[in-house]
Amino acid sequence: MSLLKAGILGASGYGGSELLRRLGKHEGVVLSGFASRQFLGKPLREAWPQLSGSHHGEMLFQSDTEVIEVADVVFFATPHGATAPLVAQARAAGKLAVDLSADYRLEQDPYRHWYGQAHPHPELLAEARYGLPELHRHELKDAQLIASPGCNATAATLALAPLAATGQLGEATSVTIATGISGAGRSPKQPLHFPEAMDSVVPYSTGGTHRHIGEVEANLGRVAAQTDAADLSSARQLRTHGEQKQPRLTFTPMRVPMVRGILAVATTRPASGEADSASLLELYRQFYEGDRLIHVQDTAPETKSVSGTDRAIVSVEADPRTGMIIAYCALDNLGKGAAGQAVQAFNIAAGFPETTALELEGRWP
Amino acid sequence: MSLLKAGILGASGYGGSELLRRLGKHEGVVLSGFASRQFLGKPLREAWPQLSGSHHGEMLFQSDTEVIEVADVVFFATPHGATAPLVAQARAAGKLAVDLSADYRLEQDPYRHWYGQAHPHPELLAEARYGLPELHRHELKDAQLIASPGCNATAATLALAPLAATGQLGEATSVTIATGISGAGRSPKQPLHFPEAMDSVVPYSTGGTHRHIGEVEANLGRVAAQTDAADLSSARQLRTHGEQKQPRLTFTPMRVPMVRGILAVATTRPASGEADSASLLELYRQFYEGDRLIHVQDTAPETKSVSGTDRAIVSVEADPRTGMIIAYCALDNLGKGAAGQAVQAFNIAAGFPETTALELEGRWP
Amino acid sequence: MSLLKAGILGASGYGGSELLRRLGKHEGVVLSGFASRQFLGKPLREAWPQLSGSHHGEMLFQSDTEVIEVADVVFFATPHGATAPLVAQARAAGKLAVDLSADYRLEQDPYRHWYGQAHPHPELLAEARYGLPELHRHELKDAQLIASPGCNATAATLALAPLAATGQLGEATSVTIATGISGAGRSPKQPLHFPEAMDSVVPYSTGGTHRHIGEVEANLGRVAAQTDAADLSSARQLRTHGEQKQPRLTFTPMRVPMVRGILAVATTRPASGEADSASLLELYRQFYEGDRLIHVQDTAPETKSVSGTDRAIVSVEADPRTGMIIAYCALDNLGKGAAGQAVQAFNIAAGFPETTALELEGRWP
Amino acid sequence: MSLLKAGILGASGYGGSELLRRLGKHEGVVLSGFASRQFLGKPLREAWPQLSGSHHGEMLFQSDTEVIEVADVVFFATPHGATAPLVAQARAAGKLAVDLSADYRLEQDPYRHWYGQAHPHPELLAEARYGLPELHRHELKDAQLIASPGCNATAATLALAPLAATGQLGEATSVTIATGISGAGRSPKQPLHFPEAMDSVVPYSTGGTHRHIGEVEANLGRVAAQTDAADLSSARQLRTHGEQKQPRLTFTPMRVPMVRGILAVATTRPASGEADSASLLELYRQFYEGDRLIHVQDTAPETKSVSGTDRAIVSVEADPRTGMIIAYCALDNLGKGAAGQAVQAFNIAAGFPETTALELEGRWP
């Protein structure tokens, strides 16, 4: 079988770094090019010293257009807003597009609400597939434009989806997220300057303003509307543009002084019924049965367990004193939260085994 | 005026370190002795290299009893369970006792619930005063036994007290806490080994099992029952053994890879009414008016702002989409969360200006 | 070709973790067993949460003897002193032994000097091969007992070997090493407790007492005595028990608050001659020509470039004002400094391509 | 006695932060103003959240000229190059100038060598006093322009001065420095971006190019030329513009992932004689006798011991195997390495007790 030619835009950022690591060893793919405005014309190893021993280390960064032209599939690790027209360019040329930015994740209305402007390419929304394979695996099989989910959105969705599927999301659902600083990108900024960020926890985008909220509510809304609670496997066939309820949740992210990792802590109080931890865990195990990248465990996960990997660990508990349920998800914001999930969705779309080239084992310490 | 003789038990732990820093410069106090089983007979500078330049550096660690005998006031930075009889010994000798452990914070019933055993010295509970000055300043003036609050409990209480005072705590209140690792003490343990703890976020005591929950619920219950919402200053005169409602909340702490600091994020959904951020902030400003150690700010606080200090920063926001309120408190677990608050309460009991010897200005970075 | 059965002793420590990661994906090897006294009878994932998604995750830890009996090759990631008799047991059973401890690295005299006791199994020293492939590749081809080098020793040796080969090691050679804390092992200890170790640099084993000095001096002594300066490729055929000069150097390691990585800074002042940076770099490039795991670069390397990998980066500069030469080596103490190098030497001994299963590309950040 | 009016330029940088902390509590000083171009017209607490509880928190940043006009003494925490004319302006107005930049530390020739340009205000060099009190206390008593030493230069000088005074600096002296990242200032830069800097050690300004080398060689040259080895107290009366020998040393700094602190490791091999650790320590104790900010200890110091303080800890050892001496100095780059030392020199010049407002006790952890 001939190899697919894969190109990467935004290859000098952290998402790009992790795409390079995975696509560089993907057995069905040849890395045909990568772009970065900052490093245009320079060899890969200048942007990425850790790849100085790679056989790709001497390849040169190209322009966006050069990369798009040659590739069969283009991965976009570029900023939101700037990505939409590049995706349109790639799609016009018939390329498979895997967009890690936010540009094709939301329908027009929520896009306008959360991003404060009209969607720049609404004509492509109809073909966009939301690239969370655990929910949309069926639809991804023939995807041509994959909108890869946000890192925080992935964590919150994976933590809460089984509750949404079974009507256990209450009125007062809140998600608090501790997130590693690599999630803010590679460009230096004052609050991310080492002496400022070290030994401090800093909330950001608080008060229900974080843009990933729209994604999470859409995700859980699709789960709630389209899942048959008696047959949880139906949750794997959710349609991106299908029916949707509208759960509401508040969302408080905080940056913690670590490089990688997200821990989502979600709490909700079901309107009725009394959950216990054992049956909740059983529900989660059923819901994620067969998902190789989701590990359900009895206890709240720590982020180091998934650092550098494309796995997520979820757990859930009941607090009988308060009638609340607490659900957890740990993942690596650059792995299952970004590059790993993008390659996973690509694998499905391109007909490769789903975990091809993914990181299933982490390193410790 | 003659100086009070102050002694410290547990002086080789982190709480002890911060007590030494404050009491060593307290103008109304002479440091009469300090105890540590591990360092008995050794000079202070062996336990604390940062004090090798202090004039106390050559003083020797003594036994608990030696310290208690000489002192007028004894600070207990000793483990819960082991502290109660030492406090009893000090009280029998007529000494003012400032207990940083959990042993006298709870009434008998909640003590049994959260600590799994009968209270070892219930006869002293009636004279114990809960040492959170912002709520109990009036009662602390003649205290003989001060039960200094837990660090997480202080953060959660300060974040939510104004809401409790005005009936805005909903059914589904949850507190998520990011906490620095010094809160786990100075003894080495596997999960706190540097290579294990670094670059990881780890939930612990989850599912509504953390022992500080009892404290927080008692605190907020007193606020709710004893405050006159029309006169918020009444919240300063709460009686430790007075009337109490019983709010319920769930509580999820997670260790983050920083040395010091706590950030509490509390979310609740009031049963009725619609809050907006401006009026909530106004409420918080009124509630904490005149409290020099509490700073109310418009935005969610970061922990570095209070690192090394005895201050707490609180903030609050409404999320109008969900009807939820999110409240924040940042403090240093060893400062306002432990040693600083203990000295603050002592100052009130001993008649010194409340902020004597406290740390009002931090260092940055 | 049938697979070799590989066993790991000390598999719950950090060296064991990295051996598991490499041997678990080695195409010529099947992981036949692993031992840990602490986790005996428990599944692998209990010791290593990052492997909960591995197909080895449910395999159980066995006893040392069980592992040795089944394996064709045994890797010893066990403490020095305790390892020597286990190696002897494995050798008596005819197994290939790869010893990551210090037990077979030194001849009897230096062993007595640096470890303060007679060598417990001197009869095996004659078959031990020092497992630094860049110097001893030739000898390793038929090795039965590989003494894998120390992490600090590897860094210092790689930084200075080209100078030793060309007579440029002066009388006053010093090596200062910044080392990550994982090098001290997985057992919790007071100075490695997160709040103690964080934000501090701590020298240890100073004043020329660090045990790796003996290794480095032996390594450089062999290079100096056995290399033909006119034919640097001769440096690849050094005999472990061959001729040796005795250079002297002092050595100051310091722990820095990072998890992984070693940076060695070596300074020397050649007795005669004037070096310049360009010709020194040319020498280093020639010396390491063909070594896939050694990257020579123009500028002093940073440790992040090799984190998680089995590569070392070396560089060298002249300081013309002082006539001194400064040489550098960055490596991962658990990769090229331990598990990676052990697998590299094993590959040579077992006839696999030298970099089989090794980590050639790092991750960033 | 009336209070001196003190002003600070560059008050929004890290040096400024630490000057504010000390001068804000100095009993002989009133803080009359502070300047920052970035924060001009804004209140202090916007630049420094940790001072939101300070009574200076609402004071506004002014322009450089406004601050200079009002103050009796001006502290310059401004960049080198830009500072020289501001100092000249202050001196023309008769103000005491304490310059933390590099602009007046070196004589014209070394200034040209290390800074690559002619000195912009050579006419002021004759009145400049190098502000290292342990060496120049006598001269500082009537200083009008204090050139406060560099942080790395202070550490290297304090580690080696006793050896210079006694003729024990050999030909091959090297200093390796591990330095915290706050030393690189508060402006965000790519290599100091948290995810880049974390978990990495990075050499910089290597190969004998670091500009502090000129300072260290001048310092040690003055010690060597002007000290009477039979009367070490003579080392306290060194003249800034006095006789000077020219020792040579190489110098390799590396950034380590901590916020504050410098550890200097200096190695030298005396031309003759055999040192032993005990007599070297005795020499160091004599040399620094009476210096309250210098602590000589038996073992190599760790930086946490001095974090946040204005103290330095030095130690020294002989390595008898190699005839080398290894000397150490730990200090806080922002304390004894910058703001603390500047205030110390100011205290001497202004006639205050030398440690007024200095930080003698650190905090731990």
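First chain written, first letter: the chains are A, B, C and D, and each begins at residue 1.
Just so it is clear, a residue touches a chain if its C-beta (ideal position, glycine included) is under 8 Å from a C-beta of that chain, and two chains touch if they have at least 3 such contacts.
Quantities reported herein were computed from a predicted structural model and do not represent experimental measurements.
What chains do chain C and chain D have as common neighbours?
A, B
Greatest Cα-centroid separation from chain A: which chain?
Max centre-to-centre separation from chain A belongs to D.
Between A-C and A-D, which chain pair shares more contacting C-beta pairs?
Comparing A-C with A-D, the pair joined by more C-beta contacts is A-C.
If you average the Cα atoms of chain A and of chain C to get two centres, how far apart are those centres in Å?
38
So how far apart, in whole Å, are chain A and chain B when each is placed at the average of its C-alpha atoms?
So the centre of chain A lies 39 Å away from the centre of chain B.
Just how far, in Å, is the C-alpha centre of chain D from the one of chain A?
48
Name the residues of chain A that each touch 2 or more other chains.
Residues 14, 180, 182, 186, 195-196, 198-199, 257-260, 302, 304, 307, 365 of chain A each touch two or more of the other chains.
How about chain C: which of its residues touch chain B in the complex?
For chain C paired with chain B, touching residues are 14, 180-182, 186-190, 192-199, 257-260.
Which positions of chain D touch chain B when the two form their complex?
Touch residues, chain D against chain B: 14, 17-18, 21, 24, 48-54, 182, 186, 198-199, 259-260, 292-293, 295, 297, 302, 304-309, 311, 313, 360-365.
Using the touch rule from the top, collect the residues of chain C that touch chain D in their complex.
Residue list for chain C touching chain D: 170-172, 174, 176, 178, 180, 195-196, 198-204, 206-208, 248-250, 252, 254, 256-261, 263, 265, 267-269, 277, 299-304, 307, 317-324, 326, 328, 330, 365.
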